[in-house]
Structures are given as C-alpha cells and as structure tokens.
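Given below, in the form of structure tokens, are the structures.
Shared between the two complexes below is chain A, which pairs with chain B and chain C, respectively.
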Partner chain A sequence: MMWKLVVYKEWLKIRWFLVGYTLLGILGVGYLLLTVKHDFAFSGGKNIWNSILFLGNQFFSPLKYVSLAGGLIIAIAQYFPETVNKRIKLSFHLPLGENKVLLMMHTFGAVSLLLSFVIIFGLFSGFCLIYFPVQMVIYSLITILPWVLAGFSAYFLGALIILEPHWMFRFYYSLVGGFFLTIFFVPAVTSAYSPANSGLFVLTAILSIALLFSAYRFRKGEM
Partner chain B sequence: MNNVIECNNLTHYYGKKKVFENLNFQVSKGSILGLLGKNGTGKTTTINILNGFLQPRSGECLIFGENTQHLSPQTKSRIGFLIEGHIQYSFMNIRQIERFYSGFYPNWKPAPFWELMSKLDVTHTQKISTMSCGQRSQVALGLILAQDPDLLILDDFSMGLDPGYRRLFIDYLREYAKSENKTIFTTSHIVQDMERLIDDLLIIDYKGVLAQASVFQFMDSFKRFDFELENDKADMKNASFVVNLDKMKNKVELYTYSSESIVKKYLDDNNIKASNFAQVKMVLEDAFIGLTGKY
Partner chain C sequence: MEKVSRYLLVFIAILTLAIILPRLYWMAFEKPVRKPFILYSCINDDFMIHRISEKTWEDTKGQQYTREEYEQKLPMMFLKQLLASGTMPDSVNGVKLDMRDIAREKSFFRLKANEIDAPAPALYPLFESQSGRAMLDLPDDFFRITWRIEFIDAATNMVLEEKSQLFSATLFQYGFSFPAKTISGLATPRKSVDEGYLIVDAKDQLFHLKMIKGKPYVKTINVPEGLKFKYISCVDFKNKDFYAYLFSDKNEIYILTQGDYELIKWPVEGFDRSNSDLKIYGDLFNFTVVIESENQFKVIALDLDYQVVDTYTETRKLKEEQTEGKIFASLFPAQVSMTSDSSKFIRFYVSISKGLNWIIFNLLLMAFHFTLLFKRKVKLKNHLADLGIVAVSGIFGLIAIWIFPNKFFD
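This part shows the complex of A and B:
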C-alpha cells in the first residue's frame, strides 16, 4: 500500500495550506451570502431579481478567482518543497516508477483541491437555495464551472512550472500558462459558457499530466 | 556477477564543456570505493548518472546489471542514496519520516535508526528543518541503515559536518558495511575522511581517471621525494616517471610511481646535482594533492 505512504507525505506538506484555504473560502462564501442577505433586506427582492435577470448582475462574481488562488496555493505548497535542494530526487528514488510516484502525488493534490472546491461551492449552492430558485443556482454553477476548472488548470500548470528545472522554461511556461488561464475568465453573461465547458474540461484533463514533462527533463539532467 | 556497479565509456558534457570522456570503472561487491577529484571534475555528475538523474552524452552505467537510466523499483529498493547536504524531507519529524520510509522497504530495520536518534538531543516530534546539519546527517544515515540496502551511494557525506559528526558518521558506516558485506560508492571533498572509510579509490580530474586501485596499493606505489637542487634552473618536468612536480626556488617535491633508485639515476644521468634527497611519508590527502596538483 505504497500509495498510502505517498498520500501521507503529501498530506503533511499541504495540510495547513489546504485547511487554511478551505476555511478562507468558507468565510468568503459566508461574506457573499451576508451581502446577498443585506441586499435583499435593504434593496428588496424585486430589485435584486431585476438586477440579476435583466441587468446581468452576477452576485457570485467575488468567487471568480477563489479557485484559481486555491490551485496555485496547493501547487506551491506541494511542489515547491520538492525543488528546494532538488529534494524531488528522494521521491524519484523511492522503489516505485518515477512517473507513478509523481502521478500519485498529483492525484492526491487534485483530489484535495476537488474536496476543497466541493466544500466551498457546495456551501455556496446550499446557501443560494435559501434565496434563489433551483434553476438560477444551476445557471450560477454553470457560470462558476470554468472558474473551478481554471483552479485545476492553475494547479496543473503550477506543478509543471515549479518542477521545471530551467528558469527560462519556467518563464515561458508562465507566460503561456497565464495566457491560457485567461480563456477561463472571459466576461460573459450567466451560463453563456455552457457550450464551452466540455472543451475546457478536456483541456484541463490534458494539462493534468503536463508535469511529467518537467519531471522527464529533470531526470535527463536539464538545468 | 561480482561487480555491483559498472560504468563503461561514460562521457558527459555540460553544453560544450567536457566533464569526462570514456570514464570506465567498476565497484565490486563488498568494497567501499571513494570517488575523489577536485571541484568540477564530475563527482556529483557521476552520482547523478548512477541514480538516473542525468543522462550521459554516451556510455552507460549498470547497477546490479540494470542500466541506471531505467532502474526497476526492485533494484532501487536495494540502493540507499544520500543526497549531498544530507537532504531529507525537512517538513517531517523523525517519527513521521521513519513511518514514511518503513513502508517502502521490506527489510526495514528500525533499530539502527532509533539507536542513532537516541544519540541526538532531539525529540521525536522535532521537525528535521529545525535540526542542525550534524543532526540531519544522522537522520539521513539512520534511514539508510534502516533501509538495509545492498549498495549505498553517498554524495559528499561530510559536507557541513563538524569533526565529531564526521567521525561518528564514518565509524558507523564502516562498521555497518564491513559487518553486513555492503557495497559503498561515495564522494567527499574531505580526503582525510575517505582514508578512514574507503578500501578502494578512484581519482579523476579533467583529463580522466588518474588512479584506480586499493588505498593500500596506491599509497604503497605512489611516492613523494623531496630534494634541493644546486641549480634551480634544472628542468625535470619532462622526465617520464614524473607524475607531478612542485618546485619552489631550488626545493623540489616530486611525485612518482617510480622507485628512489630510478629518480636518483635520472638525476645522475642528467648531471643534476641534488642534496637532502628524502622520501616523504604521505597520508592520502598528501598523495591526492600530489597526484592532482594544488591548482
């Protein structure tokens, strides 16, 4: 059960970052819902309804970069310690295939991120159902989905960049990665992203194994 | 198969800078081999190739008969690896790190690890990042001993250690290797440490392998003669037996594999007048500097 040991190591690295991030996310959702409650109390339901339906107001827009931040935080917490003194050599020396151990680490990071997003956005959905009809909550989640995918993409790109042994490549990856992430944040009306979500999902899935390339370059001695 | 490590025609360049060319060496089972060389001669490069962290330009290294570029998990479990600077997972404490590694190795023996830890003034919940360099070295050593590998690869094990920890490290390691018939391949920039630890040596420089022999053979055959020249302009550098020659005014330090009689005959034949001729007893560090030069 070597995967349990890899999970143990990764958990020790990211646990406080993951817990801290999730708590901040929950606080963010709480603040957002307090704002909605405040607006309902002071502006009245009709005005809120009008601004959302006819003026295109996205009351959940403060959540736009929450998942992006989460992806970057977990990527840094998980992979930066591996680059200090080239400590990744220790992981590659474990009696497992090098790619296998990396994919175990990566899967753990992605699943941790997923759990955190489920808690944050699950809470958001639950609270929203108190104030809004189901259909509106579903549209909101469809709009939020690219932002969540951006969080995963940021995590995968972060791993690729952090593990890359050559600073020049890091710089290029950062430029391309930054540009790539903007695709997830193009302003659009609520749920307009619906047709694109499957494509974004595929792109994110492809990115999930990008770190293997950096690891390959490291093992070939690029520096 | 008597050779645990076998490197054949190893050549590597960083860009256009040659590190070594056609390097060949073997490490036989049960021996402790020290790789010695000045800074930049390729010691860490060799270690990286051995661990599969660097692909050589050409040539290959085999460990237990497997190419080091594609070591199987089974073979990796037979190799204990100490990274330069005794690097370990510093975010773990010693209880966590023992628990982590113990699950990977079927022959895990916790006793040597905890015995070493009991010598340190640390608690079981103290993070490795808060330990001194010497304490970290003992953690790294304890983990390798507990892993009970057949081959230990140690990259500059003395780096950052004070004399006490270096001695502790060497004595523990040698005792362990000899009693358990383990093979060790190691580098260190402190040659006097190597003398206490190793059986065989491999000395490399920018030109290639300068010496590969047992420490005893090398120290027995490599000699230093000191003498004073009457005429300090006399030139001996081109003599075939001269490995290295250090001249300060008329005082000469001559390093050679040849005997005293051959050196004296050369001086006589070439009418070079010398006085105070004496063979100087050397320790390994002297011999290393004599072979590789001071610069």
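This part shows the complex of A and C:
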C-alpha cells in the first residue's frame, strides 16, 4: 500500500509538467509531420525520399533536444520541491527504507518519462510509416534512440545534481553530466549510432541509481 | 547501494573525462599535417612533388623547380594554365595532343576510409538507362533488396507489385541469392548516363542490374573463385573504359571493364580500406594512385595497360611519435572518442596509450592521492578501491574520485 502513496505523492508533483510536456511534444511531432506533408505536396515524395536517403536530410532533427528537455523538466519538477526545506527527509521517515523510497520515486519518474516518450515517438513513428517505408523509419529511430536515452540520462543526472547538498559539487556534477550528455548528440549521418546504441543504453541504465549517492550525502548533511 | 552508485558514477566520470580531456589536449597542441601533392609526370618520367606549406616544387631526386616549370612537367593536370600561358606542348612522347582526347581520358577518383565503413542507404533509385532524354530523371520509385527486390512508390509509399515481381523473377532466373550484401551505383541523376547497380548477392556473386525501357537488364559477372568484393565504387568517367573500382576482402583493387565485363586486378599494394584514403588521377598517359595512411604516403604510377611504371613512398611520424604525442602518452592512459576518421559510424573508439610512461604517471598520481589520504588520517582500507582506480585510469580516475568523494559513514 505504501508504494501507492509514494506514487500518488510523485504524481501530484509532476502531473502538470508531465502532461504539459507530453502535449507540447505531441504538438511538436504534429508540426514536424505537417512539414513533411507540406514538403511531399510541394516537392514530391521522390525528392523528399532522395534528400533523406542521399543528401543527408534528417527531417526529424527538430526532435533532437525534445527528450533532453523532458528529462530535465521532470527531474526538476520531481526533485526540486524535495530540496525546499529538505522536504525529502519526510519521505525518509516512511517505514520503507530510505533507498527503497528513493528508488520508488525514481522508478515512477522514469516510467512517467518513458510513457511520455512512447506517446511522442510512437506517434512520430506511426505517422512516418504513412510517408516512408519501414527501413527509413527504422533508420530514423536508430538516430533518434540516443536522443531518447539522453532524455533518461538527463533525468537521472538532474536528480543527482538537484539532491546534491553542496553547491560546489553540484557544479562539478553538472560539468561531468553536461559533457557526458554530449556523447548522445554527436553530429552524424542517419543510423550512424547503430553500433553505439547498446553501449549508450547500458550507460543510461548505470545512471539510473546515481541519485542514491547524492541523496545519501543529502540526508547525512554533507554541506 | 550508495557505494555502488558512487562507483558507477566514477565510471561515468572516467569515461567522460577520457573523451573530453584528450580532445581538449589535441585541440590545444595538435599540429596540422602538411600533405604533399604528388603526381607522375609524363614529361620527365618522375614524380613531381608540390609541398604546399613550404611552397616548393620538386622531383624525387630533389631537383627544385619554379611553379611554372613544375606545371609544364604536368601538362595533363595544368592544361588550362599552360594553354593560357602558351606553353602547352603540341605532343608528348610522340603522341600528338588533342584537347578532346585529353578531356576524355582525364579522370579523378577519391575514396576515404570513412566512406567504406558507413551506413548503407535504406533504398536506391533505379534509373531508366535508355529513356532517350538528354538528362536523367529521378524515378518515382525506389528499391530495396530483402528476400526479393521490391520497388516502392515514393508518392504512395506502396510496393509496386508487378514491377517487383518482374525484377525479382529475372534476378532469380540469373541465380541471384537474396538478400544482397552490397548495392553499389551512382544514385544521382547528375551523371552522364545511367549504368544501374553492381550488386553482390548473399553468395558473393556479382551482378549488374539496370533498367532498360522499363525491363530488367541483368548480367552475371564472372568472379574468380574465392574472390570476394567488400566495397564497390561506381564511376562515370568520360572514356567509359570501366564501370567501377572494386575492393576485395584482401584489399586488392580491381576495375570492371565496360561492355565485356572483364575484372582486371591493378598491381597496387599497400592499400588498406580500413585506414587508407585513396586518390586515383587518370590521364592520357598514366594513372597516378595515391594511398594515404596515417604515417605513409605511397604513390604508384601505372601505364594505360595498368602496369606499374614507378612508385614513390614518403613516411611521416605518427601522432604518437611526435613530441606532443609522447607527452600525451605520458599523461593519459587512453583516449576514447565517439568518432573516427576511418568510419562514419559512432562507436566507443578506445585507444590505449603506447609505452609505459603513463603507468609511471598513474602510479605517481596514486602515491599523491595516498599521501593526501594519509594526511587526512582516514581509514586506508576504505580507499583501496579508489587507489586501484587511479592506478589503472590515472588522471581520469583521480579527477573522478575527487568529483564523487569517498565519504561514507560506517
């Protein structure tokens, strides 16, 4: 039962941010697909396909930082209120174990983000299949996947940085985190990330428990 | 659990620093490589070397030339300049020079290693080879080769079933084994004529496919037993002597002659498609093949029968052999990069520094950290793993363990 309360508390914090972000993401995808539709009507399908296949046109590039923004928004919405008056310490008094509570909160945030990404990029993939063959959509998704993983990494790193009690270390973490995130956004031709995506997935998974470190320092009063 | 999360963060920080710090180092200290421009001269039967940064023009024997003299030694390359200055010879080696012949035989081919190791396009356009039009039109449909060849209409995104069946059946009749390993062609309407695609099938057989009057044209090309082509680059030279340069799994270079489909192996050695850039200059008298790797510049001159006339090699110091490289190898145990000059793929390209100096530096850093710990009178057994991290990952590890400090209450 306790987990339901934790989930409800987290939902109250992030709901409007999550819904707002998802709606903005859907609008963004809608705009992108309107652009594709317009280009098909005015330039012709074969020219659009040719520009994507051979001229380096990445029509989906406006989505590049969408996930990153989502990860940061949810991290701030979920963890910044916890640092105001050290509210998170209340959660640590729940009869669950401190790390367990944190991981519940984190899992909820990550799953919410995942759902939002599934809606946004699912919609994108579905609409793309109207205009492009499955191979071209797969190539696009291979290119988009590191951007999505960057969204999760930004969320995990955001939580780490927000919960860190010491400003100097917040700066250090931001520096490392910022540089780390650049590896998801290296300019490259479409589907060039295919050999790297599994490694990036593992690195993102590794980051998922990063906040335990700064949360530990937070609750032990490392100021 | 907190300790595990710290070590994972330290790992992330080490990886990040191993990408960023070497990049910053090389941005600050890397020196540009001055590449010479070398061509074979049909006038004095020697290689002519233009060292662009030094502004010198010389031959392989060290004889220096003025710019004008140098250009006169390479009339096929500097044709326009020699015509403008009125120094173009009437004949070379007894061959009377005709401008149309020179233009027809002149060719240039360039292949970078990162073009070979690159994502292949998902679909290709098959042009009409005999449309009767002066200019080629981009077709309305694109093809892919999976268990069959499928043509997809770009306007509707639907498979053109009739065309797909016709071409699939024809390929099947010619013994094509689906799917294709490589599909090579000039997928652009900006070419003089269309010659379709050279396709290596699942059994390493080589086929020529094009579309003539809407119908498939397929030719099975005889490939010697055991020869496998890893990369094919089609060309559109004016003389129409050959369709493509073909690169075998053993780094041999072949050409495929036009019309009679003869595979001719060029006697060119020293090319490695994984790390060499290749340039081939063709003219009325010779082919000059330039193979450029990180530490070598090899130039081979061939005659028109594709026999070696002369070779010239220059070596240069590898980056790690230069002073900046040696300092790098002492400071940093490794370098990680997401990109490579030899590939268009994004990967974790890890290169461990050569030599043993970085190990000494790592141990010094470990001793430094040990001294700090000793002065702080902490329990050393709680920091053994950190000391090990510094010993292995050096400067990256030291910065990482300072950023994510090992301060846990027992």
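Throughout what follows, the second predicted complex is superposed on the first by the 223 of 223 C-alpha atoms of A that agree within 3 Å, B and C clash if a C-alpha of one lies under 4 Å from a C-alpha of the other, contacts with A are read in each partner's own complex, and residues count from 1 in each chain.
Convention: a residue touches a chain if its C-beta (ideal position, glycine included) is under 8 Å from a C-beta of that chain, and two chains touch if they have at least 3 such contacts.
Bear in mind the structure is a predicted one, so any value in this text is a computation, not a measurement.
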item: When both partners are placed on the shared chain, which of chain B and chain C touches more of chain A; value: C
item: Contacts of A:Ser198 with chain B and chain C, given as first, second, both or neither; value: neither
item: First, second, both or neither for A:Pro81, with chain B first and chain C second; value: first
item: Touched partner set for A:Lys220, first chain B, second chain C, both or neither; value: both
item: Chain B versus chain C as contact partner of A:Lys13, first or second or both or neither; value: first
item: Which superposed partner A:Leu5 touches (first chain B, second chain C, both, neither); value: first
item: Shared contact residues on chain A - chain B and chain C; value: 220
item: List of chain B residues in touch with chain A within their complex; value: 48, 51-55, 73-74, 76-77, 79, 81, 83, 85, 87-92, 96, 99-100, 103-105
item: Residues of chain A that touch chain C when the two form their complex; value: 40, 44-50, 53-54, 99, 129-133, 135-136, 138-139, 146, 160, 169, 172-173, 176, 179-180, 183, 186, 188-196, 199, 203, 206-207, 209-213, 215-217, 220, 222
item: Of all residues in chain C, those that touch chain A in their complex; value: 1-2, 4-6, 8-9, 11-13, 15-17, 19-20, 118-119, 121-125, 138-142, 144, 152-157, 187-188, 338-339, 344-348, 403-405, 407-409
item: For the chain A and chain B complex, residues of the former touching the latter; value: 1-2, 4-5, 8-9, 12-13, 81, 85-87, 89-90, 92-98, 218-221
